[in-house]
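All remarks here apply to the structure that follows.
We call the chains A, B, C and D, going by the order they appear; numbering starts again at 1 in every chain.
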């Protein structure tokens, strides 16, 4: 170990060079602008936008957040201004904020996905992240992420209309996650990100009913890290395409663990809600960890576990 | 807006279950009455920070008045001077002091009184001299001494009759006697203010509450229904014209 | 709500009356004797023994425990003295400790399961809990819990040799949990318990290797509660047989939540490791909750969410 | 064995990173030297309690000597007098004082010295007068003052040479000079004690460490390999005859 090493944190993801592997996770970083008072998004490897759907959505009513032990549940319901507003107003405005702008796209049926991806991929974004796993959309958004055939069908459908790198975001609720991952790869995914939130339930025992109007909601945060890390390794060992791991990452060492499990890059969601400087800190901590441990670049540790 | 560890200067009970927390370094940036901060102790649990309104800014000191409700406020209540706490803010859109004129009524329900001390001081500093405070409590009132010498007309209602008039805040005022009513408190109270003022044709402003995660507008977790769609309490509010808010009927 | 209600906590489970719905979970309560300095096991509804296999097992080498945020991982590997010693020495000794003695049975292949269940069910135990979900046995213990066909095959095989009520313990790692549950019911399970631990990964980033020799291990504790609660509701709504819910229960209100999600009874594991008086406290807290909320018996809240 | 909240009487540094915690109510039950307790603060995190050996029992007070390693010991180190901490115990099989006779050597590696103060006092009380302590440390020694007036022959080694002889504990003694050697410290040290004593034909006793969850023998998480199979450090130990332990080669 050499104490004076200056580690190289950069990663190459489907032809895009990220200055470091830390990407802000969809739905937790707004459109990047909200964070400007705290740090410039360009200090990160990139960010993924709030999920965008073909048409604007108001999202869910009632309680949208609930805290659990070392985690949180959300049921936002894909509130967003729709693909048209994103392409016309938002994308040009936020383009300069990051070297890797990832547009996260949600949908309820294959046609919606195809139309939304076609519109958004034509805008000035670097990548599309196809969310086939949002558990909060009643009309079946999650269904696509559950079974390999369904996942493949949506990926196959959007592939031709997507000239940009296509990242597909997997659901930890999938029946057979590795099978879904392989099916997405065969169907043309350029990379895979995981995990989205775990389908979970909170009950208000005093009211004797579910906390959320939709009954279940998505669990994220440190509580899920050990499961997400296992899933990341399972998928990374099975596929050829790059894997972007996430789920509960809070520190640079957590990020290093996902990379050791085979991830090319990581995303961070909940930790950034807990404190708005979490993501730049994770970058710094990862650099410090690499320097301390004599790791010159992430290739030296990627997938070694 | 900053996110930093601040040193606790004081953290004392002002009434059973109600504390005032004072931390250093608050005056480093201008703070608007009605804005809030997200507070989190250094312990890992609870995970999320908690929103607390700015109760006052005095010199270098920033203070919060809060009620102990659950794990988050309990953790804050356990801090002693010298401990540190993460304070992120100031956040949100507060009260527009320039825009509040004439006969101004502040309506507080319980801990909803928290943001009014700093607001009242700002209004007085801006030359407003017709200020009334109508504050309602379940039991014994608290935080009222803060308004002595600031607001002349202080009206109190308690549900148990332990002080002031027995009953809820609406018994304390007639909306038509005021040019603008500013309300902060539980939803049923704010709904009553909205309705009373609408009928009387009096302008009303409310400060809303919602469960929050980020507090900065990034997660869309704290939205409230308004006439212009779902809006984020943390970034588009917490202060809204009462007429824009659509209170949930449940 | 009447403040002076004296709630009835008893539950009927496959013909056995439990004085309350709180059962100690397998592997966390030894054979009941270890807890005697702290409380008598008879204050609980019952307890499930450490998993017993046909032949004695030494369990796994290396680190067996690892703490995570609001949870813990274990890789005990079914260390146990084997069915013969259990039947001859242990069962008679611990029989008097509880009104509901549940023998948890593990195995690596169907023959093992059948022989072990035949021996153990002939002993003086009240129920068999068939663990088709232990993720720590290399030779495939978990495999049976993953797919409906496999689960059904082992349940069908042991059913004829099991004259006692047969509880089948489901894995949260199952591909399609509800399908597995239904298959177990059809194959003859008298009740279903869930969840066993989540397959998870911990990495020692300094050593650049997995913490556990087996790489993955099982996650339990408060971190998993929201997922376990959702799974309990999913299964309870799908099957006719009683469901015993577990996963991260720490308080009486947590237990009430599982019952509102449809559980007949609950099991508690990790919380009892954190403090040896946790289970009797959960019983007391549940009674106090029911009294406060005017709930005369658990039937009034079971499955209402 | 009990599990209760105990009031912190003192919690002070005795050396950098090494503290002594004293809680009330320890003497309610007889405690054997070498037994331990599971300690957990009232905070939800870290989840599991941590095992600490009994350092001493004096009247009503129970004390622990501990090194701050990670989150668990850090949380304990933050306690101040008046705070409460859950203490479960006494647990495990300690040293059999009646069985330790003749020329007794206590070998401590670092914080492995923790259980020896109470053991030494018990041995002296039982009339043993040929006690030697051989203690090794990385840097400056700690906890040694505890043995003044109890053990006559105190030998110190430090790896950095800052006190006593430079080197590791084996440089401090020859096993053949003793009738029994009692060791507590890191695995490499205990392996060396086992081997040295085996060669010299001296009886040796070791106090083992393992990650624990329950501490009472219920979870089988803390096992160690022995000549009689996998045994629970918490319930079958932590004290074992050195010859029974099979140290992991890794």
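Basically, a contact is a pair of C-beta atoms (placed from the backbone, for glycine too) under 8 Å apart; a residue touches a chain by one contact, two chains touch by 3 or more.
Bear in mind that the values here come from a model prediction, so they are computed numbers and not experimental data.
Distance from chain A peaks, on a Cα-centroid basis, for D. Chain C and chain D have Cα centroids separated by 35 Å.
Note on chain placement: the centre of chain B and the centre of chain D lie 54 Å apart, centres being C-alpha means. Taking the mean of the C-alpha atoms as each chain's centre, chain A and chain D sit 47 Å apart.
In chain A, the residues touching two or more other chains are 69-71, 222.
Touching of two or more other chains is recorded for residues 44-45 of chain D.
Taken as a graph of touching chains, this assembly forms a single closed ring in which every chain touches exactly two others. The list of touching chain pairs reads A-B, A-C, B-D, C-D.
The touching residues of chain D, when paired with chain B in their complex, are 43-45.
By the touch criterion stated above, chain A contacts chain B in their complex at residues 27-30, 34-35, 37-38, 50, 58-59, 61-67, 69-72, 74, 76, 79, 221-222, 270, 272-277. Within the complex formed with chain C, the chain A residues making contact are 68-71, 73, 175-176, 198-203, 205-206, 208-210, 215-216, 219, 222-227, 229-230, 233, 248, 253, 256-257, 260-261, 289, 293, 301, 304-305. Interface of chain D with chain C (complex): residues 1-3, 40, 44-49, 86, 88, 211-214, 216-223, 225, 229-230, 235, 248, 250.
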